[in-house]
Each structure stands twice: as structure tokens, then as C-alpha cells.
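Look for chain A in each of the two complexes below; its partner is chain B in the first and chain C in the second.
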Partner chain A sequence: MTATPLLEVRGINKSFGPVQVLRDVDFAIYPGEVTALVGDNGAGKSTLVKCIGGIHPIDSGEYHFEGTPVSVHSPRDASGLGVEIVYQDLALCDNLDIVQNMFLGRERRNGLVLDEVTMEQLATETLAGLSVRTVKSVRQLVASLSGGQRQTVAIAKAVLWNSKVVILDEPTAALGVAQTAQVLELVRRLADTGHAVVLISHNMNDVFAVSDRIAALYLGRMAAQVKASDVTYAQIVELITAGRSGDLGLTPAVADITNGAQS
Partner chain B sequence: MRAGPSQDEIRRLNLGALLRYVHLRGPTSRAELTANLGLNRSTIGALTADLVATGLVREDLPRGHGRAGRPSLVVRPEPHAYVFAFSIEADRVTAARVGLGGVVLDRREALRPRGEVPPAEVVAPLADAVRTMQTSVPPGARYVGSGAAVSAMVRREDGLVRLAPHVGWVDEPLGEALAKVLGPERPVTIRNGADLRALAEHSRGAAVGCDNVVYLHGDAGIGGGIIAGGRPVTGHGGYGGEVGHMVVNPGGKLCGCGARGCWETEVGEVALLRAAGRDGYGRDVVSAVVDAAARGDAVAQNAIREVGDWLGFGVANLVNIFNPEMVIFGGGLREVYLAAAAQVRSRLNRNGLHACREHVRLRTPVLGDDAALLGAAEVAFEPLLDDPLDAAPHFS
Partner chain C sequence: MTRPSVADIEPVGPAGQRGRLARLARTNVVWTLGVLVGLAAVFAALRPEAFAGPFNIRTIFINAAIPVVLAVGMTFVIITGGIDLSVGSVLVFSGVVAAKVMAANGAADADWTVIALGSVAGVAAGTGWGLVNGLLVTKGRIPPLIATLGTLGMALGLAQVATDGSDLGAPRRLTDVVGNHLIARQLPVLALVAAAVAVVFGWLLAATRFGRHTYAVGSNPEAARRVGIRVDRHLIRVYALSGLLAGVAGVLNLAKFSSTTIASHTEDNLSAIAGAVLGGTSLFGGSGTIAGTVVGVLIPVVVNDGLIILGVQQFWLFVAVGAVLVVAVFFDQLRRRLRDRD
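For the complex of A and B:
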């Protein structure tokens, strides 16, 4: 596995008014790997991801991309680096077809008119590159797609722009079993094609099924970032609920302080 | 002492290498072939011309060429050369016509209830399927050979099925029976289904580029296909890789093979359904249990966890023995793995030796239900890929 992270944040702090949501958080994402980001409700998963995506400015800390320090102040900066986030609500338009959705706001032009042929071809190639076989036509309206297919389109949309980092927020929530399986396989393939993938999930099976690394947040601190081949289910649950598990995680003192700060 | 290979032998080897490359990787430009096969440009040109003459490949200009200079011609496999591929499973038989390049051109499936069945009742629907498919073969297409995947222990030389516990066969000459259907001109190769699925995933699926792979297939039992150092591990007579019959629980349930506590009695379909307290068999019933677990059915959740834990035990053993780069969960095990990955991974991490397991990737198949057919097609194409000219005279 690759030793140098593609994207790394160090010592990130973020407060909303008096509430400090992230404290000294380190987080690294590697190309070709799925990094799962787990934590209880309110642990700071979404905030961390939004800081990486440039939606929330960070109060302090370092942001490194491909080894060089960068400053990210807006979502535009982040997508300029090749960081794409797929949110839970997917942000797709029901009244448009798959191609129109994938190119929404970034349409290809051929002179004055839209270059439909190229866009359709690129959309088809992107879906084929991810071995997606469930979508029959790229000219289907998104309204006619199932939950799993929508998720697939949203992920393909993120990949279309030569993105290097793809962040997925609960991609399997509210999906049936068969569709969950397909989306998990898609997440895995995304990493196997060289992307650095971050998977936010509450489902430990999903996390263990596809992840190479697991990062556990506990009350705004990074409890541990470990390889999936080194931990057990029970240890991850302890990291999520208590911030530590044996030698892993926060030291008892820090865990207590963190706890105290919250209560 | 033998002299070095003759010019002709070298040419045949190179033709085979080129044909195999485009067969497995799909359309490839001459420039890329030159770079990847380690032959010079004019040799590639001459070899391609030879193959075009036999009708095995064709050349055309690349689509959407945007760069300056003369475009490099793209060499494509010609699916006119085809094989018949069969898959015989516990509850279905499938037949397909597969073209060079691994394209399924035609496909027929016949379902039947699970249970013991005389071989004639399996061969008959396959023969029917072959006859129907033969009527739609375009003129000029060329039959290369046949391959069959069967969930059984198969003798390598002649396709004698030594033991197929789920259909009740002992020493059945399946190879002979299929040769009668297909004619004696071209060979019919029969292999274990899991071995062929492993081969297919290795050549054009999830495990491309991985030389050490363990493939696990779940249907009525658990089959295993092992690839070590880039080669299939099938043992002395072709019977190896029966991972379903590793004994993991000596005090466990009686297995169809007569032993007690085989791995498949703890992780197979029967074990899952027993633990979940359900009747029936087949992929649909397994899916129903997984679905119930996802919806919060506590009995189903426990069943999945228990089976996932046993699955992890066996995988840890295999990982310690073979140190694979990848373990693939196929058939019914795909869903079981995805639903119980936390248990499987945890057990593997606890029981697998650190050095053996640190780089292992747990994956699901890319080829889905076509894997057995594509693997069977792969062995059927083998003689052609080994020596394209030897097989070519049968053509034109």
C-alpha cells in the first residue's frame, strides 16, 4: 500500500461560536484506498468532511495535498484540487436525464450549442469504466431510477471530472440489500481504479467490507486511524463509543478531558 | 541435446502471445503491443498480418484520434472464432456461445429442481441448447472447441466426474457424453467450476494482475479455486482446492461427503438457513435471510454473524497457507460476505498471521454469474491461443 497520503490535514480545529467541533484532528487519505470515517452522531464526521471540501473554513491547522501545503477557502478550491463530495441527498435533478445531471453546470459546448454527443459518450465511458451494468440508457430521466442507481449516477458524476479524492457520505443509507451490495462494489472499484475514497458510514459491515483504513472520531478528536487488516469489529466499536480500545485510541486522560468538555 | 527453438517455433509462440494479449485485453493499438510484448515494430506488423490472414483478428483505425501523426492501427479479436461453454450447477445448467475476446454471443439457461439427477438429464438440455445456438451461427464463424464447468471433482485427462455430491454422481463419464453431442473434431475440456471461476476472474475480472488468489464459491456447497504464482493449483489429478471439505469443527454436523464438521457444513447455504430457521434452498432464500437481517430480524442477524465468523475461520486458514493477495467471495458467499464483513474481517485479523494477512484484499467477483462460462470458454480457447496456426487450418 502507498505510504504517502494524497490528502492530509493536520491539527485541524473548528468551532461554531462557543462549540468546538474539531480538536487537533489529523486525517490522511491515500490513493487506491478506501478510508472509512466512523464515529457516533455529533463526533464531527460531517464537519471534518466539509472542512476538507472547503465549505467550512478551518480555524487553524494544515491542509496538504500531494505533499504540498495548500489553502482551501471554498468548494471551488477543493474541486480545483480534484476533491469531490457526494452528499446523502445526492443533489440530482429528477427532471433531467443522466447525462444532463452528470454535466449539470459544467456542460460541454461545441461553438454555441451543447456538445451532446461528446457528453453522452463521456457519461457512457465513465459508467462503463466503473463496470456499471445496472443503468440501461444514459438518456433515462433520473426520476425513473432506483435509489441504488441514483447513488451510482451521483458517484459517476463525481468521478467524471478527473477527481482524485471522492468523499461519500452514507452512500448505502436507505438502500435495499441488493443495491447496497452494488454500491459497495462500486465504492471498492472506485478505489481500485486509483481514487482516494473516503466512506462515511454507520454500518460496520459496510466499513469492513470495503475499507483499507478506518478512522474513528470521538467527540471531535481523532481517536485512531488504523489499517482494516489490524483491527476487529469490537475494537472499532470501542473506539467509537469510548475513544479508546486497549493500546489504540486516545490516552485515558485525553479521553476524560474530551468527555468533560462535552458534559 | 536439443537445439534451440526453430524460427517457425518462435513465430508460433509470438503469434500465440499476440493473440492471447488481444483476447484478454481487448482491442489494442500496434504501438501498445510493441511496447508490451517486447517485440519490435516490424515483427508485430508481420504477426498481425498473419493473424488477419487466418481471420482471428482484424485491424482498423482508432476512433476519435486527436493527436498529430499517423495513427497506430488497432488490433481487435474477431469474435467469429467461437467456443461453446457450459456450466453445470446444483440447480441449473447454462450453455453459451463465446467469441474470441471473451464476448458472450448467445446464452441459454435451464433451471431444474435441486437434488440427485441422472447425467443424461443434464446433457440433454445442453445438447438442445447447442443445437438451437448452432442455427444462429453466422456463416464464416469458426468453432474452436468446448469447455464445461461443473461443481464436482473432475479427472483432468478425460473429464470423468469422480464425485459430484450435490447431484449424486460417482464416476460419471461426462466428458464422453459431451463429446458425443459436440463431435470428435474439437476437444471438450471439463474442469471444476470454482477452478474455472477463479481462472476467469484472474484473466479478465477482479483479480487481473494478481498472481496469488483464492476464489470461494458458494452454492449448494463451497467450492474453491486457487491460483498461486499465476498458475491454477489443481493438484496431481485435478482434484485439489476442495476447501469446502476442510474440517473446521470435528464435533460438527455430518457433511454430504461422509465426514463431520467440514467447512461447508458451517458456512454453506444449508448452515445459514438452518441458523436462520428457514426452509428451502437457492440464492433467493439466502438473499431473503440477508434482507431480513438488514431490516432488523434478530434471528437472521445472528445467523449471518455466526456464518460470517465461521467464514472468517476458514479464510484465515487459507490466508495462512497460501498468503494470497486477494480472496474473492462468489456465488451465495458474495452476499454473505457483504452482510457479515465485520465478522469475517475480525476473525481473519484475529486468526490470520500478520505477515500473511497484511496485504490481503477481500473482494467480490466482477464477472458475476458469467464467471463459470467465461472460465470454461478460456480453457476451450487454450489450444488456439497456444498455437493459432495449428488450429487455423480447420478454419478456412
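For the complex of A and C:
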């Protein structure tokens, strides 16, 4: 399990105007594993993910992919590397159907004309490959789908591109019990098929159910990144709420500075 | 691939085709077409010889030609969630530019080279106004309603400044061959040009990446941005397209009436918006079709024609179009509210 990380960022800093949201953050993602990214509201999880996805330019820090330094300035750069993100708000087009959403921005064409047949086929295969059984027709408008189905479509969209890294920002936040189970199953399956998966969640049950590693952000700093089997539920909660737990996490001095910077 | 769930997903092929049919039925086009046919049937029953004769049918298509060209551009803009109030003024402005070029090089006797040059100049002028609209909306962050209301005033004012308020005519060749000509004594050239515009831009909207991105930008601009679509650039192109078609309409208008007066173009924006909306384009963006728009434009044209034949005062048409527009939008937003609830 001590593989080299597929994607790694080191010493990332990110400010929005005067507000520094990420401080010196290190984060590594491994193939075939689910890495949970946890932290309180406003800790910077979504911001970190958007930096990795090229939505936000980073102020400073390094970005390594497959061991080599790369620069990612736009969503296109990230998807070029095989990094796909399913955002917290999903960002699907209600007026378009499942196929149209899955291929949006990367439509297949025959000359000038959209190749609907191929796209429909690939979308169907991708959903089938993920054992998605809840979607009746791939030509359904996204507006007509349930929360879980939308999540499924967003995930399928992310894996359609032979992606290597799939990052999911709170994919189960709005879902009921059954749909949550389905999505978590899907998350696990992604890792089992070799993807490096990042799961952001506030639900510790979900986190421990599917993840191999857990990374805890505390007020914009990476408190710890540990193997899930090495820590307890309580330790993670402490890392989230206080930035440290026993000898895990930020040193008391850093934790104090971090607190000070926030107040 | 061999997982049991494959069977649960609708296969491609015949079933995919059924999906397409279902989608067609879901659009309002079929429904609107029914209304158009129904209206035509009523008028035809009341005045068979006057309404259903070849002369009147031709008149209907000639009268619909220029509104169709404007409404096609309007449909693209409305699908992006915007609006273009300036089309009528841009039509007049483009007509003035085209007429000026033609007047300076032979006037009524201008040859085809001059007519072509003038037409290109007119269309370019329209496209220019469209670009201005697009830049105001995207870079200037001015709401489309205000931006295009501003260019409506500016284009109209400048057209009048350029002509000193006087009316310019068109070369004879243009009016004879484009404006009033019937191919094989039956097919009006104006209507054929409009049909060609509808087919080409209908294809652009339905079958190309440009069209798909137009829907996406209107449906969820943030989603479009996230997948790498350059939303601002796309919007500028869509407004430019609307301006370009208003320019084409300007040249057609010059050919038809040999005139550059504003009269009868003050409600062009209303009729273009009404055509698009009656045809099922949502003012909230994200949905609409060119086929629907063509039917939506034909409805008021047919009603107008029928009212004239029946001898009813024409001004009622404006009342009817205005009312129908409001009702159509009311139902559209009702439908959305119901949809968003579940």
C-alpha cells in the first residue's frame, strides 16, 4: 500500500483577497484507494479541490502528477491529466438529457455534426459498467432525475473520460439512506477499478465505510493524512474540531497560530 | 458489461429512436403546430376562396419571411437566457447602410456587384450591432434587457441621422428579383430565403456543438464554465448571430418595400419574441427549437391575414399577440414551478 501518489500537491497556499483559505497544504492521492477529505464547514475542502481541478489558480505551492511537476491553470488542464471533479453543487444542465450532460464540452462529432449514436452508446456503456440500475433512459432530461440519480450521472460523467483521479465533493450530503448506500458502493467500485478517488464527507460512518486514507483539514491547514485502519472515529473527530489528537495533527504551537489567524 | 443491470438501461437503436420521438412530443412544437393548423382551418372554412387560395397562401409566407429571420436569431438569444430588443432597429439601420452603399453606386440602376456589396455592408452592420450587444452583456455585465434597449435607441437614432430622416429606395434589380419575384410563378424568393435561414440555423442549433453549447449556457452557465466552455465568448457569438440575421432581414426588407422607414418595425422585437415563445422557447433559457419558432411566427401572421379577410380591425392583432405572449409565458413558468417542486 506504500505506492507512490498519483497526484500530490505540496505547500499549497490560496487566498481570496485578504482571506487566506489554504495554508501550506500537502495532500496526496493514491491509485486504487479512496482518500477521504474531512474538515469542518469552511475548513477549505472545496477550495482545495477547486485548486486541484484548475478552477482556482493557486497562489503558491507545487502540483505533481505521476511524479512529475505540472502546472494546472484551467479545468481543461486538469481533465487533460485525467483529473475529474464532481462538485458539491453537481453543476448539471437541467434542460439537457443524461447523454448531453455527460458529453458536455467534449461532444463527439462526425465532421461538424454531433455523433449522437456514439455518445448514447458510450453513455449507456459507462452507466452499465458502473452497474447503475436506477436510470430508465439515458435520454431523460436531468431535470426529471432524483438527487441520487443526478449524483450518479455526475459520477458517470467523471469516469467517462478514462479519468485517473475522481474527486467527489459531498456526494451523499443530500441523499437518503438507500441512495447514499448506492453512491458509496459506486465510490468503492471506482477505487477497485484503479481510480484514485477522493471523497469529501461530513459523515464519519460513510468515511470509515469506504476510505483507505483520511486527510483532515483544520482551518485551512492539513492537520493529518493517515490510514483509515490506523485511527479511530474519535481521533478523526478531534482532528476535525481541534486540529490535533494526541500525537497526531498540528503541533500545539501551529494549532495556536492557526486559531489566532482565524480570530 | 456482463453485469445484470445492463438490461435496465434503455438500449440504443430502435428504442433510441423511440426516445427521440418521445422528445419531439415533449416539445411544444407539435401542440403549437396543431393550433396553427386549427386556426388556418377555421379561416379556410369561413372564407374558403379568399383564404385558402394560392394568392393568399403566398401572401402569408411572404409576410412571415422577415419575421422568421428575426425570430430565428431571437430564439438563439432567448435559449441562452437573454433577450434582444434591438432587432427591429438593427434591421432599419442595416437597411440604411445597404441602401446608402447602393445609392452611392448607381442608385435605382445599381448592378449586381453593387447590390452584393451593399447587402454585405448591411449584414456586416447588423453583425456589428450584435457584437456590441454581446460585449455589453458579457464584458459590461449589463442585463440584456437594458443593453439591447440601449442599442435599440442608438441604432434607430443613427439610422435617422444617416438618412436625415428621409426615406431611401432600393435598386430595381433588388426589388424585382428578390423582393417581388416568384420562382416558377409560385414560390416567393423572400419566403425561400427565410426557409433557407430556418433550415441552416435550425441545423446549427440542433445538430452542432455550437447549438449544444447554446442550450448549456442558457441552462446552467456555471456547469458550462466548469466543462471548459467559454461562456462569454459563446454569448457574444450568439448576440452577433442575432445581429447578423437582423442585418439579413434589413436587406430583405429593403428588397421587399424599397424603403428604409421605421414604420412597421417598432413591434418587430415583440413579434420575434412572441414567435419564439409561442413556439416553445422558454424565456428562462435552456430550451427551444427553430421549428417551433417558425410555427410560432406563422400563427400571428395567419391570424392577421384572416382578420383582414374577415374585415376585423387589424389593431386587435396587437392585443391578441400581446395577450397570447403573456399567457404562453405564464404556462411556461407554471410548468417549471411544477417540475422544480418534485
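As a working rule, the second predicted complex is superposed on the first by the 261 of 263 C-alpha atoms of A that agree within 3 Å, B and C clash if a C-alpha of one lies under 4 Å from a C-alpha of the other, contacts with A are read in each partner's own complex, and residues count from 1 in each chain.
In this section, a residue touches a chain if its C-beta (ideal position, glycine included) is under 8 Å from a C-beta of that chain, and two chains touch if they have at least 3 such contacts.
Remember, predicted model here, so these are calculated numbers, not experimental data.
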Clash or fit: chain B and chain C on chain A?
fit
Who does A:109 touch here: chain B (first), chain C (second), both, or neither?
second
Counting only touches as set out at the top, which of chain B and chain C does A:234 meet: first, second, both, neither?
first
Who does A:149 touch here: chain B (first), chain C (second), both, or neither?
neither
In the superposed arrangement the C-alpha centres of chain B and chain C open, at the centre of chain A, an angle in degrees to the nearest 10 of 110
Pick one for A:96: touches chain B only (first), chain C only (second), both, or neither.
second
Touching partner for A:179 - first (chain B), second (chain C), both, neither
neither
A:131 contacts which: chain B (first), chain C (second), both, neither?
both
Quick check on the superposed pair: does A:205 touch chain B, chain C, both, or neither? Answer first, second, both or neither.
first
Dominant contact partner of chain A by residue count, chain C or chain B
C
Between chain B and chain C, what is the tightest CA to CA spacing in Å in the combined model?
7
Common ground on chain A, meaning residues reached by chain C in one complex and by chain B in the other:
131
Sort out for me which residues of chain A touch chain C in the complex.
55, 74-76, 79, 87, 89, 91-97, 100, 104-107, 109, 112-114, 117, 120-121, 124-125, 127-129, 131-133, 135-139, 143-144
Contact set on chain B toward chain A in their complex
287, 290-291, 294, 334-335, 337-346, 349-350, 357-360, 362-364, 366
Considering the complex alone, what residue numbers of chain A touch chain B?
1, 131, 176-178, 180-181, 184-185, 188-189, 204-210, 227-234
Chain C - residues contacting chain A, complex:
1, 3, 5-6, 8-12, 16, 19-20, 22-23, 207-209, 212-213, 215-216, 218-220, 222-229, 282, 285-287, 339-340
